[in-house]
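Below, each structure is written out as structure tokens.
The two complexes that follow have chain A in common; it is paired with chain B in the first and with chain C in the second.
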Partner chain A sequence: MADTKVVSEVTGSVWKVLVAVGDSVEADTPVILIESMKMEIPVLAPDSGVVTEILVSVGDAVSDGQSVVTIKS
Partner chain B sequence: MTIETKLNELVARKKKALAMGGEEKIARRRAEGHLNARERIDSLLDKDTYVESGLFATSHLPEAREKTPADGKIAGFGKIGGRQVAVVSNDMTVMGASSSVVNGKKIRHMREVASKSGMPLIFLGESTGARMPDRMGAQGRAILGQDPTEYQRLRQSPWVSALLGSCYGSSTWYACMSDFVVMRKGAQMAVASSRVTSMAIKQPVDAEELGGWKLHSETTGLVDLVVDSDEQAIAAIKRYLSYLPSHHNEAAPVQEVVAGADENSKRIADIVPADGSKVYDVRKVVEAIADPGSVFETKARFGKSLATSLIRLNGRTVGVLANNPMFKGGAIDVDACNKATSFLVFCDSFNIPIVFLVDQPGFLIGIEGERRAAPSKIINWMNALSLVTVPKISVIMRKSYGQAYLNMGGGRNSDEVICWPTADLGFMAPEVSVNVLYGVKKEEDPARYEELLQQVTRDTSAWNLAALYETQDVIDPRDTRSCLISLLDVHRKRLGSEVGRHLLSNWPTSY
Partner chain C sequence: MQRIKSLFVANRGEIAVRIIRACRELGIAAVQGYSEADQDSLAVKFADKSVCIGAAPSKESYLNQKVLIDAAKASGADAIHPGYGFLSENAEFAEQCEKAGLIYVGPQSSVIRLMGDKAAARKLAHEAGVPITMGSPDPITSPEEAIEIGKRVGYPLLVKAAAGGGGRGMRVVTQEGELRESLERAAAEASAAFGDGSLYIEKYLSPVRHVEVQVIGDGNNIIHLGERDCTIQRRHQKLVEEGPSPALSPALRERITASAVALARHVGYRSAGTLEYIVDAAKQEFYFIEMNTRIQVEHPVTEMLTGLDLVKMQIRIADGEPLAIKQSDVRVSGHVIECRINAEDPEKGFMPRPGVLGEYTAPSGPGVRIDSHAFPGYKLPPHYDSLIAKLLVWGSDRTEALARMKRALGEFKISGVPTTIEFHKRLIDESDFVEGDVHTRYVKEKMWAGHPTQHML
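Take a look at the complex of A and B:
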């Protein structure tokens, strides 16, 4: 069991948080939606696992490479 | 001495050469689950088509002759799917397949024959680098550089590399010159091994971090496809070559058309949301347009906001560049620029028509992009596009904003531009331009913002583009496949036997 940081690939602001602590997620499912370039851009879980931390809230500014969620996989 | 004695000697020498570096080393590889250099050739080529060149070659140093069968790099010719190819397979069991005077001559011969006789060159890589101590000192220098065209690439025929183990020296250089590179997980590619690097910089170096599959498929983009085994790598090479002509002076082979293609294409309407702010995976659109089972994506983990694939349309090979809103909203970053340019160069060099599937909010702007010379990458792409002489069709599905409108084939940068009714053309989103032009934000002065928004909003529709004859048709998305088949047929280079001018043939093989 390892902690995986789920990272935003774009700079923007948090539009929606799609998961809660304790949720199980599959690889490649969206966990956060970032609003950037007039688009709703999903941040995808790189691996399947259980969400252990949500590191951002709706409206937060997020930069490229920033961790937004932690999952245990 | 009788002829029998001579023939017996031939049999004995052949047996010794075919034994490679000895049973012990071969058994060790087998235990690790990897094919040896000769097994790789056997599984690559059609049965009974292999003709070896240089089986009896050895090190030029008399004291090393006995332990250097085929001098560590096995070379020859054979057929894949009935078509002639040249192949070099590195034999790690013979002095780590290190580069030497004699095996360098073998590679050169393969390269020259492949170019002159018009056949793909395949390099099955796994090598330790320069042979020591042959290359030590001034004498070692003097045996290098005797072929000034050694690292010249003119794309007369396709080059393919597989990275199937530790790859340093020639395996790395050839991969960087190849049109397609497949890497087996667990293999490494780097300038020097982690041991040499670690000694040079006096720090521990992790081999995977230095040159593993993640680095090359996600960060450098030097690897086009990652696989789990030697067998998968060889299958990928065969499949890749099936899309290509044998050389630059012929069209790609035409395959039989698979049934069911036209029904697939009707799914497009369910894949792409009409709302331009919603994302989807454009690779599903590519699948729906292509002949069933014909999509071969390259660099899938690199520059992901732009997907590049070889596909077949009605049996004919086509190269597709598609913006992918699923990643970065489809905004084109520096990696995606490099990926686009290298794909254009490749398609043009081998007479493969190009289709753009356009849905992009612009180039990804930001400090990181500027630090990586984004403007030069954008213009490099435009320069390449202006030199492409194969047919180009651009399909604007939804957004096409900013300069990237031109990069994705807008205006006269394609032979035909086709729009879906959902196309949305503009320089930037009107909501953003109110702030840029007038410095007015919605939350600060809603009434003035609304007024200015009305002022700057222009008709961004496909109909307006069509009225100006900047798009030659507006089509139902479900008709995209049939429309592309018709237009690619219209634009086939009949006067030149479907062969382009290859103005990009000496462009770099990596960026």
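Take a look at the complex of A and C:
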């Protein structure tokens, strides 16, 4: 069991949070949608696991490389 | 008698600069409304006067109708230009401007409203004798009705939001078994995105090209200014536009432009507008998709082909002047290509990349036009679209235009953010593009075949 930080690859703001703490997610499923330059960019879970932390909320500014969700896999 | 002495620019970026330039040439003072993120923009530098209209997020500034109208009134402006995007196709905004005593540079609010409802626009097109794809004439009322339509027109189908447009709120359904669920999801998405869950259905045609016809009218005299081919896209958004379309025979060009004028006349169109079509090049057939009741990003393609200034014409018409030209005065000469230089990383699925420009050296020389708000050190905010510059070239024919575009792309130097320049260089060398043999899914299906980010396009 390891904690995995799910990282945004884009600078923008949080458009939607698609998961809640306790949810099980599969690898490559979107967990957060970031709005950047009028486009919606999904942040994908790199591994499957259980969401333990949500580090951002809707409207927050996010920069490239910032962790947005933690999952235990 | 010129009524417009001062015009408020309710937009930003390159189109704000474009509108200010038109004002200058018309002897009209330009007032730039800007958000906190655009304080150091070129539009603010060029305008006669500028007013801060709020915080960076669009809904607190460029989408805030009341603030914009109040700022325009307070600045003493007589008119307001909405540009493209933001409030440019918002009938209520047009109405509120007129109510406040401001001249709205655009068509009548009733026409914006009609064309904004994509299902109503299809019906109008059908009435005007313009071909539309097979599908539902009105928004669908039940899944059963949709299933019936599916049986009649055949799969794949396209489910579209009536309030959508510009590629948003669209879904492809390949078989009947998927239809019910797709409708539910599309309706939920459309309600969330547009506040209106109505859907309609069209036959999905592929491979097709995307061709649009520029029209302009004063309500009585309504003419077309030829077509633009916008087939090269990613995520249903245009990357390259050119004119004339390499795929239209003279006979098809005649039919498609005549149909555009017929529909614009049917609604008594006043201002510049664009009718978008999909074209089946193999069958030489075309089908109406939607009408954009505003100036478009790619309007300079038409300006370079015809020698006309569409933004000045738009302002003059709004000021009550009749259109100064007849259809027979319009001459399309040579070939024009436009490449959109965006702050995006094509290698990462055209991921947007806001940031600060280091070097910014734009090409120039014979036959080159750049519409841009960029400069060295310019900070691209994440709040707005990714457009850095529109690079246009004119050539006496398509071969010269292609060679000139290649030359101009080679001169374009931007550092600090990844851009689409390298993508355009690659496209210009693709033999399919050179031969004019492309379709709307070409970038995704051919150029990005096997690429790890193909699904993002």
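Heads up, the rule we're going with is that the second predicted complex is superposed on the first by the 73 of 73 C-alpha atoms of A that agree within 3 Å, B and C clash if a C-alpha of one lies under 4 Å from a C-alpha of the other, contacts with A are read in each partner's own complex, and residues count from 1 in each chain.
Basically, a residue touches a chain if its C-beta (ideal position, glycine included) is under 8 Å from a C-beta of that chain, and two chains touch if they have at least 3 such contacts.
Just so we're clear, the structure is a prediction, and the values are computed from it rather than from any experiment.
On the shared subunit chain A, the superposed partners chain B and chain C overlap sterically. With both structures placed on the common chain, the touch criterion links A:26 to neither chain B nor chain C. With both structures placed on the common chain, the touch criterion links A:9 to chain B and to chain C.
Working note: chain C versus chain B after chain A overlay, options 4-12, 184-192 or 256-264, clashing stretch identified as 4-12.
In the superposition on chain A, the residues of chain A contacted by chain B and by chain C overlap at 9-11, 36-39, 41. By the touch criterion stated above, chain A contacts chain B in their complex at residues 9-11, 36-42, 64. Looking at the complex, you find that chain C touches chain A at residues 57, 85, 235, 343-344, 348, 351-355, 380, 382-386.
Taken in their complex, chain B has these residues touching chain A: 276-279, 325-331, 361-362, 364, 366, 368, 429, 431-432.
On the chain A side of its complex with chain C, the touching residues are 9-13, 36-39, 41, 61.
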